[in-house]
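Some structures to go through are shown next.
In the two complexes that follow, chain A is the common piece, with chain B as its partner first and chain C second.
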Partner chain A sequence: MSLTLENITRVVDGETHINTTNLSLEPGSFNVLLGRTLAGKTSLMRLMAGLDRPSSGRILMNGADVTGVPVQKRNISMVYQQFINYPNLTVWENIASPLKLAKVQPSEIKRRVDEVAQLLHIEQYLQRHPMELSGGQQQRTAMARALVKDASLILFDEPLVNLDYKLREELRQELRNLFKARNTIAVYATTEPNEALALGGTTSLLHEGNIIQTGPAAKVYRNPINVDAAELFSEPPINLVPGRITDSQVFISEAVHFPLVQELQGLPPGDYKFGIRPSHIGLVPHNDDDLEIAVTVELAEISGSETFMHVKNQHFPLVMQLSGVYEFHTDARVNVYLPAHRLFVFDMEGKLIKAPSPIIGGAFNG
Partner chain B sequence: MAIQKSRNKNIGITLYILFILVPIYWLLNMSFKSNEEILGGLSFWPTEFTLENYAVIFTDPTWYMGYFNSILYVGMNVIITLAVALPAAYAFSRYKFLGDKQMFFWLLTNRMAPPAVFLLPFFQLYSSVGLFDTHIAVALAHCLFNVPLAVWILEGFMSGVPREIDETAYIDGYSFPRFFGRIFLPMIRSGIGVTAFFAFMFSWVELLLARTLTSVEAKPIAAIMTRTVGAAGIDWGVLAAAGVLTIIPGLLVIWFVRNHVAKGFALGRV
Partner chain C sequence: MRKVENNKAWLLVLPVFLLVAFSAIVPLMTVVNYSVQDIFDQNNAYFVGSEWYREILRDPRLHESLLRQFMFSFAVLAIEIPLGIGIALMMPTKGKMASVCLILVAIPLLIPWNVVGTIWQIFGRADIGLFGWSLTSLGMDYNYASNPIDAWATVLLMDVWHWTPLVALLCYSGLRAIPEAFYQAARIDRASKWAIFRHIQLPKLKNVLVIGVLLRFMDSFMIYTEPFVLTGGGPGNSTTFLSQTLTQMAIGQFDLGPAAAFSLIYFLIVLLVSWLFFTTINHMDKDK
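== the complex of A and B ==
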């Protein structure tokens, strides 16, 4: 079963939610839609599901036009961000309801409900009502209901957002395993770059109603086609600073300049934007070619065992992601180091000119 | 100190309830007395306890048919109100359509006029179409006031149900009627309880329309109670017994929906 969106648009009250979009999802693929809030992730999923009709364009399933087919007849499943279950039915009845409606044999219903309940570890709660369960269990129930019916398309609309961190990791891992053996198209929407990387599969970046890039997660991460894609697929967002390349020198906004390194040779002289991932900037140099920049600290934000440092010099601000807990006073003066060979180079329109080549042997920590 | 304070509070509440219950007690008291005793002088409880007054009501069809008529048209009214208001409230809570907000407000404005305003049009209309003195006539007339309130209350409860539940049901393969009956109605049963309660209460206590639109066949109990002045004067005892019996249905309904009403208040639409 394949799903194809052909020139899909969605306009509501004169406001464009989805710009002309083409997307093709392969059978058995795991697809991640990565985009910020209001980027159009939910709108796109609702179009795929058939809950909304596209303003123009066609939706094809296995080559057959299903644009006007009501959602009841489409054999899909959807899991929402909120924990959506039928509160007046028990967990068992909740999971069984799609099968009952499809008039599956009672013995077969029992077998499949028990099977999927076991997969999601909710077999001991089957006789309870959803409201008597914890958030994680409620969402597992919703997922079980989505998985039980062998849908040809399963949509996950930020299903793990309302769960705590630990549970999220656990469920994400299980989810990925659940889909390894299935021939179902899975679509998973998220706002978190890390989640997209952790899930793998095909990632589509969604920005202001447009799909700006599609490809394997790691590849998209390493080669964002433009500034928007780079900012989107980085948490905290990638640092962008104006710069210039001359015949022999590279300038980062006049303040910092260094001899043209090997990676940047061959680029025509001119103005560029340089992108530096927050995790690449450090407080100590790692390489000989690291650039030293004197900055003042604006804010050191501790997030778990990581520290997000906001620093600036007179020309540009930078955000750094440091592992470990660091405390700095505001306005403290420090030197930070950024590796010249790990610069992303964008032209002035924001198109990617050059991405740093991945370090051989080192997986993508960026 | 704290105990002192809470004791004071308890005394206050007890006094308050006592004062509220005085007229009801007095009614009950009178209903068990004979007319002579009622008119004879002040007594705080029946000296000659009698069930005679109740016996009159339960044996005389002009009395007990009054209760029957009232309950019949009130029941009809509650059923019609819910049948009309449920789909309307669902539409208001789930769909956008031209003038939806204006219409929603306009519904409520129907309740701004006193029922007396509608006496003349209803009377003339029902007389000319032959609905005069039927139960359905009163039930329909009361709908004018109950349907808007019911839509308003139910819409609040329905909007509390996430739209995603509707969509999940459709995705699972529920047809609309099946979803509405199996999933949606059970979720808003508190709202239905509260709505039924308000519809019942309005219809049960409303006298003006009910009395004007009926004469013999569908005459409500409250109207019959106003006509107890016989040749021998007013029959106080029977009147009091009738009053007690009129309170009972309301009491029963409140008893059954009390928890739902609390929930309704919490949701802010009652």
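== the complex of A and C ==
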């Protein structure tokens, strides 16, 4: 079962929610929609589900046009950010409800409910009501309801945001395994770049109602086609500083300049935007080509075993992500090191000119 | 931290204590005081113990009006709760029409009891009232002043007209609190409208409905003004409910002792029924 969106748009009251979009989802694929709040993730999913009709364009399932077919007549299921279960039914009845409505044989219902409950580790809660469960168990129930149907398309609309960190990791991992052996198309919307990377599969970046890039998660991460894609697929957002390249020198703003390194050779002289991921800037030099930049600390926030540092010199601010716990006073003066071979180069329109090549042989930590 | 122990806490609860004392306990105890004495005038009162209670509990007037009262409250709940839910379900959810509907539904709630009584008293008259005239013109023998069933129907209609909006508004707000995703999920599951009502809307409305039933029970159990304005409790005693029987006793006949005993019994009935209802609902929840 494949799903194809052909020149889809969605306009509500003169406001464009989805710009002309083409997307095709392979059978058995796991697809992640990555975009900020209001980027159009939910709108796009509603169109895929048939909850809304596109303003123009066609939706094809297995090549057949289903554009006007209402959601009830398509075999899909959806899991939401809120934990949606029938409040007065037990977990068992909740999971069985789509099958009962589809008039499946009782023995078959029992078999499938028990199977999916086992898969999601809720078999010991089957006789409880949703309100007597923890958030994680409630969401597992909702997921079980979505999975039990054997839908051809399953949509996950930020299903893990209302769960705590630990549960999120756990469920995310299970989710990925659940879909390995299935022929279902899964679509998963999230705002978190790390989640998109952890889930893997195909990532589509959604920005202001447009899909700006689609591809395997790691590939998109390494080669964002433009500034928007790079900012979207980086947490904390990638640092962008304007600069220029001359015949022999590279200028990052006017403050930092260094001789043209091998990686950047061959680029025509002119103005560029340079991008560097926060995790690539360090407090100690790692390579010969590391650029030393004197900065003052604006803020150092510790999050778990990581430290996010906001620093600046008189020309530009930088955000750094350091593993380990560091404490700095505000206005402390430090030198930070920026590896020149890790620079992304964008032209002034924001289009990617050059991405740093992944480190071959070593673990890609990029 | 070192614990400070002194009597300041008493000072802090004093305002609440005073408020409760003067608004509830003192008036109630005055009534209790009356109910165990035979009072002739300010200086002549004798302790009679439980005599008034025994007298009142044997009084056929209490039995009759109590029965009438339960029938009335039951009828009110049986009509207003389903009707209120129905209206709430039909009200538009967004746009200009939603505000217009809200205002239209809420208007009866703004009208005082005695005005409601007067409105229907005139409305139901066969000579000058549109309602009474219409029914009479249709060949129905409608006269609330002489026919007990008509009087009952009119009082009931009045209450339904006046207070169904309260139930409707409570349910409306309860329905608005259900996230859109529930309806979407139900649509994806191919659930029918009835299934959506039975398994999503009704369970989610349960809390507001408990409040609605309690409010409507307590309020209808104390109905006084409407039947009083309409027929003065008549024809005969057919629409004389508990509170009117009590007023006749206390003010009409100035039997303060029996009236006090009556009002305490009245109070206990309201309390008991409300408590029974509430605990039953809570138990049903726990059993689940």
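Criterion: the second predicted complex is superposed on the first by the 365 of 366 C-alpha atoms of A that agree within 3 Å, B and C clash if a C-alpha of one lies under 4 Å from a C-alpha of the other, contacts with A are read in each partner's own complex, and residues count from 1 in each chain.
Going forward, a residue touches a chain if its C-beta (ideal position, glycine included) is under 8 Å from a C-beta of that chain, and two chains touch if they have at least 3 such contacts.
Just so we're clear, the structure is a prediction, and the values are computed from it rather than from any experiment.
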Clash or fit (per the criteria above) of chain B with chain C on chain A: clash
First, second, both or neither for A:V325, with chain B first and chain C second: neither
Touching partner for A:V12 - first (chain B), second (chain C), both, neither: neither
Contacts of A:M78 with chain B and chain C, given as first, second, both or neither: both
Partner chain in contact with A:H129 - chain B first, chain C second, else both or neither: second
Touching partner for A:A294 - first (chain B), second (chain C), both, neither: neither
Contacts of A:V69 with chain B and chain C, given as first, second, both or neither: neither
Residues of chain A at both interfaces, chain B in one complex, chain C in the other: 49, 51, 71-72, 76-78, 80, 82, 84, 86-89, 97-98, 101-102, 145
Complex contact set, residues of chain B against chain A: 162, 164-165, 167-175, 183, 186-187
Touching residues on chain A, where the partner in the complex is chain C: 49, 51, 71-72, 76-78, 80-82, 84, 86-89, 97-98, 101-102, 129, 145
Chain A-touching residues of chain C, taken from the complex the two chains share: 179, 181-182, 184-185, 187-191, 195, 199-200, 202-204, 288
Chain A residues touching chain B - in the complex, by the definition given at the top: 49, 51, 70-72, 76-78, 80, 82, 84, 86-89, 97-98, 101-102, 142, 145, 149
